[in-house]
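Next come two complexes, and both contain subunit A; in the first it sits with subunit B, in the second with subunit C.
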Partner chain A sequence: MKKQLLIIPSILFVLILSTFFYLLIIERNPSELPSNLLNKNVPNFKAESLLKNENFVSSKEFGNEIILVNFFATWCSPCRDEHVYIKRFANEKGIRVIGINYKDNSNNAIEWLKNLGNPYSDVPIDKDGRIAIDWGVYGIPETFIVKSKGIIKYRHVGPITKKIYKKINLLIREIEQ
Partner chain B sequence: MAPTLGNFALWLSLFFAIFQFFTSRKNNKLKFITVSVNGLLISSLISFFLLMYVHIVSDFSVLNVFQNSHTTKPLLYKISGVWGNHEGSMLLWILVLTIFNYFIFKLYNKKNSAFISKTLETQAFITTGFILFTILTSNPFERMIPAQENGLGFNPILQDPALAIHPPLLYIGYVGFSAAFSISIATLSVEDGEKIPWHIYMKPFVLAAWTFLSIGIALGALWAYYELGWGGWWFWDPVENASFMPWLLGTALLHSLIIVEKRKSLRAWVLLLSILAFLLSVIGTFLVRSGILTSVHTFALDPSRGIYILIFAALLGGYSLILFGVKSKRYFDNNYFTFFSKEGSILINNILMVVICSTVFLGTIYPLLIEALTNNKISVGEPYYNSTVIPIMIPAILVMGIGPILGWGKEDKSKTLKKIFPTILLTTIMTIFIFLIYQSYSVIGIAGIILAFWIISNNLLILIKKDKNCSMGMIIAHLGIGLVILGITSSSVWQEEKITKMKIDSETKIKKYNIVFEKINEIKESNYVALRGDFLVYDDKKNIITILKPENRFYLIKNNFTTEASIHTNLFRDLYIVLGEGNLNDGWIVRIYYNPLVIWIWIGSLIIFIGGIVSMNINLRKLKILY
Partner chain C sequence: MTNKTFIIIISIFLIQFFLNSSYTVEPDEVLENQKQELRARDISKNVRCMICQNQSIDESNAPLAKDLRIIIRDKIKEGNNDKEIYKFLTDRYGDFILLKPPLKLSTLALWFLPFIFFIIGFFIVFVNNKKSKKI
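Now for the complex of A and B:
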């Protein structure tokens, strides 16, 4: 065997490690999944509202401004973790947030919002997970940025952390311009 | 007090590890090496058991306990909670490292002092790396002030007996390869490496690693089978792959060592394999704990950890692979093998194992490569692995059946044919018999079943004939593999799945079984509440067979749901029921699986484990002769 061939394992090893290294240092989130709905219109749906007596009709709600759509449930503990950031979007940044209450007990949900504060302008109820299927939700919490004319611009899977909070703010500013 | 002492013991073990590195490097004073090896073992034992102690007494001034425990948790899970999280599991990892370190030290004598010292030096480097990693990025003794009243609880799906012992077994596997790695480095480094019986030193470690890795993987699969409620046991998740890849290389390594022993060949190859097996274990750890890819095993993620492990892997891999490139020349052997011989068959299997390992590795990192190069996200799933791994497995299994009956060197073909004739006969009978029972045919199914019986009947016949050429451990382990293949094939080919909505008193049919949804109960336990369905199972003669009771649990402290599948097992099939969502008015979604012969996967794995232990015993005896 040629001696030079013996160096092949080390070269392969270096290549693989550099890939890992590159992926570690760049800004990326492994749980971020591209959505088929990106740059498309929001799926139409109609649902009971947790907060109001009238039904939530999506075609009436989306269109004029940037809206965040957040899928949540009281049984999901990461949803509790991200709730502070959802509140900051609503209270500090003045962004409208629609919270879709996913496969949940409505009484628990009302109680939850009472205790933790309600950042949502409206809360459509998705009892059987039908709306989540239309939106291609992978697992809650998930958050979508919907820009004017009801077009989905961004999707985040998983709880919103400080880093993601900043990122979404940046994206919203970009979309606004 | 205990956490402070534990932390102190951890630092002490760092000191002893560094001390061992320098004393064994110089290799002059046995006294110093003795002190450092024993000191390292004792201090890591102390820190590990102190962490266990703070978990048992629920000392919530320790962040790790607060995050992963709760006073209502049963004692068993308070103990297993020690390694059920990233920080604690690192402590277990270190403990296993130091135990293996101690066994390497036991090999020390006057003749091999330079060699064992070099091995201990490498082992000390690895241990130092892991202790530093733990102290710098994931110290389990980190305090929180003020102490909390109670903890956040432990992930309920991990509260399970199989999963309580799964990590320790797996770590013995991963870390066992560190010993083979160190021995390999020493063999390449010392001047008179050829004169040292390094392969006899290496084999018990590789056997231990392989045996425990096998049973560890099987337990993980068993847990996934009954706990996740997806009806399957293997999902090609990156974490599963991370354990499967070292297992494949370990299998190749184990068999190559036989050739080194009997034919003095393949030495350089063995040295490379033992380096790669451990590197893959470290890279597996990196993949799982850096958060670079998503997986069902979510360890707490922290990029700084990823960077650290990566740098450590680069040091280990860079050094060992370059050393191999420069120094392995003298271990090259120019022996050529006949294709039709024992060593020929082992060589073929070696190649196939490495190819499978590369295939799995490619599948695991392919999404990462694509993302780094093109910024697109793709995912590689079951179809890829099924269509690549299975076709390579089939010839490997075929060879595995013939290999043991072939002799070393040249073999007479007609004689061999005579030898394997009873096996062919027995295989045919068993295959026909089983197809008469299940009456469903597919190419893969037929191939898998024939191969399984091929291995089983072969090893049974060797066992009956008491062939002196074959080691007992090998026959037992191979028999186990045959049974595992039987279980895997039949349960994947003949599985039936039924998803249906059932109201109380309604019934449904799967295969010859009638299943009646009798009632639903509410259950309250100390740490969860649950809905439990009672399903009566009748066979075709209307005899009641069992009552299956799947549950939907809600864990109060962690605020999450789990589904508990209910399974009725016998030697021929599993009936597997999962209770989905629903309510009294609309009924519940119920998933029912009919899984043929699954139990043979677990029985087979246990037999593999026994085979490994028997073989370990034989090889330790060989080792003792040297002393």
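Now for the complex of A and C:
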């Protein structure tokens, strides 16, 4: 009886070890946190628009379609890297992308979009970063998928890479169904 | 090393250690009302800097930490209580923004498993001790 009980610690040990091993080998980024806004409505905000004369009012913009919201700035170099993919979303996939210009110089931003191409349907200006805080943003670039009725379905922190581009496309297709 | 220099070095370390209340809070952020400022600093010490992750916003000089410090101070000036301020933060950033995880149904294991393990361990030691005495 007692000898049989002795096997329990070794089994436990192997179990714990395999759990750790599993967590090590699966593709996972432990610093990646799901947004607290998932499945919630987009925060209400009103902001000056970089390209249009009228103000951007969030309650008027989010509604029927799937929209990508991308926080960017000209001073952020990963934003430049992901710009190709943002353009592909807008041009190839026909997805509306709203670009929130985070703590940036407006003239630089206009110039930047002129040079690199403008994939954004509208660019609200977040001068002091308060809009970003309402969205729970902690480091740009960040990209959100917002589905109809303005509900946030996904948040990606960091630049969009080829892999993430594919992932977001897949997610959008899933949401559409 | 003589005894004297040793004592001096140790006391420098000790002074450093006790004075180590960080001063990342910039002068323009500080509220005039001291009571409110103290409250702001207390809250800031419990709020995680989401970029640096293991620092509080009170210690961090990341821009987001500064923004949050200012928001906390604005909210205090507007007359919000601590609970409302924490709710504002967790609504946006989740419980992760609090350095101390709140006691919730989902965190029960986190808070109480150590005690349970302690009791089990104590029990095992107690039983084994009794057995060994018999022999």
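Criterion: the second predicted complex is superposed on the first by the 145 of 177 C-alpha atoms of A that agree within 3 Å, B and C clash if a C-alpha of one lies under 4 Å from a C-alpha of the other, contacts with A are read in each partner's own complex, and residues count from 1 in each chain.
Throughout what follows, contacts are C-beta pairs under 8 Å (C-beta built on N, C-alpha and C of every residue); 3 or more make two chains touch, one makes a residue touch a chain.
The shown structure was predicted, so the numbers you read here are calculated from the model rather than taken from an experiment.
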Subunit B versus subunit C, judged by how many residues of subunit A each one touches: B
Which of the two partners, first being subunit B and second being subunit C, lies in contact with A:77: first, second, both, or neither? first
With both complexes superposed on chain A, which partner does A:138 reach: first (subunit B), second (subunit C), both or neither? second
Look at A:37 in the shared chain and tell me whether it touches subunit B only, subunit C only, both, or neither; answer first, second, both or neither. second
First (subunit B), second (subunit C), both or neither: which does A:57 touch? neither
Going by the contact rule set out at the top, does A:9 touch subunit B (first), subunit C (second), both, or neither? first
Under the contact rule defined above, give the subunit A residues that sit at the interface with subunit B and also at the interface with subunit C. 31, 33-34, 103
Of all residues in subunit C, which touch subunit A in the complex? 50-51, 53, 63-64, 67-68, 71, 90-94, 96
For subunit B, which residues count as touching subunit A in their complex? 272, 276, 279, 283, 286, 290-294, 303, 306-307, 310, 313-314, 317-318, 321-322, 324-326, 328-329, 332, 365, 368-369, 371-372, 377, 554, 558-561, 581
List of subunit A residues in touch with subunit B within their complex: 1, 3, 6-7, 9-10, 13-14, 16-17, 19-25, 28, 30-34, 75-77, 80, 103
Subunit A residues within the subunit C interface of the complex: 31, 33-37, 103, 128-130, 133-136, 138-139
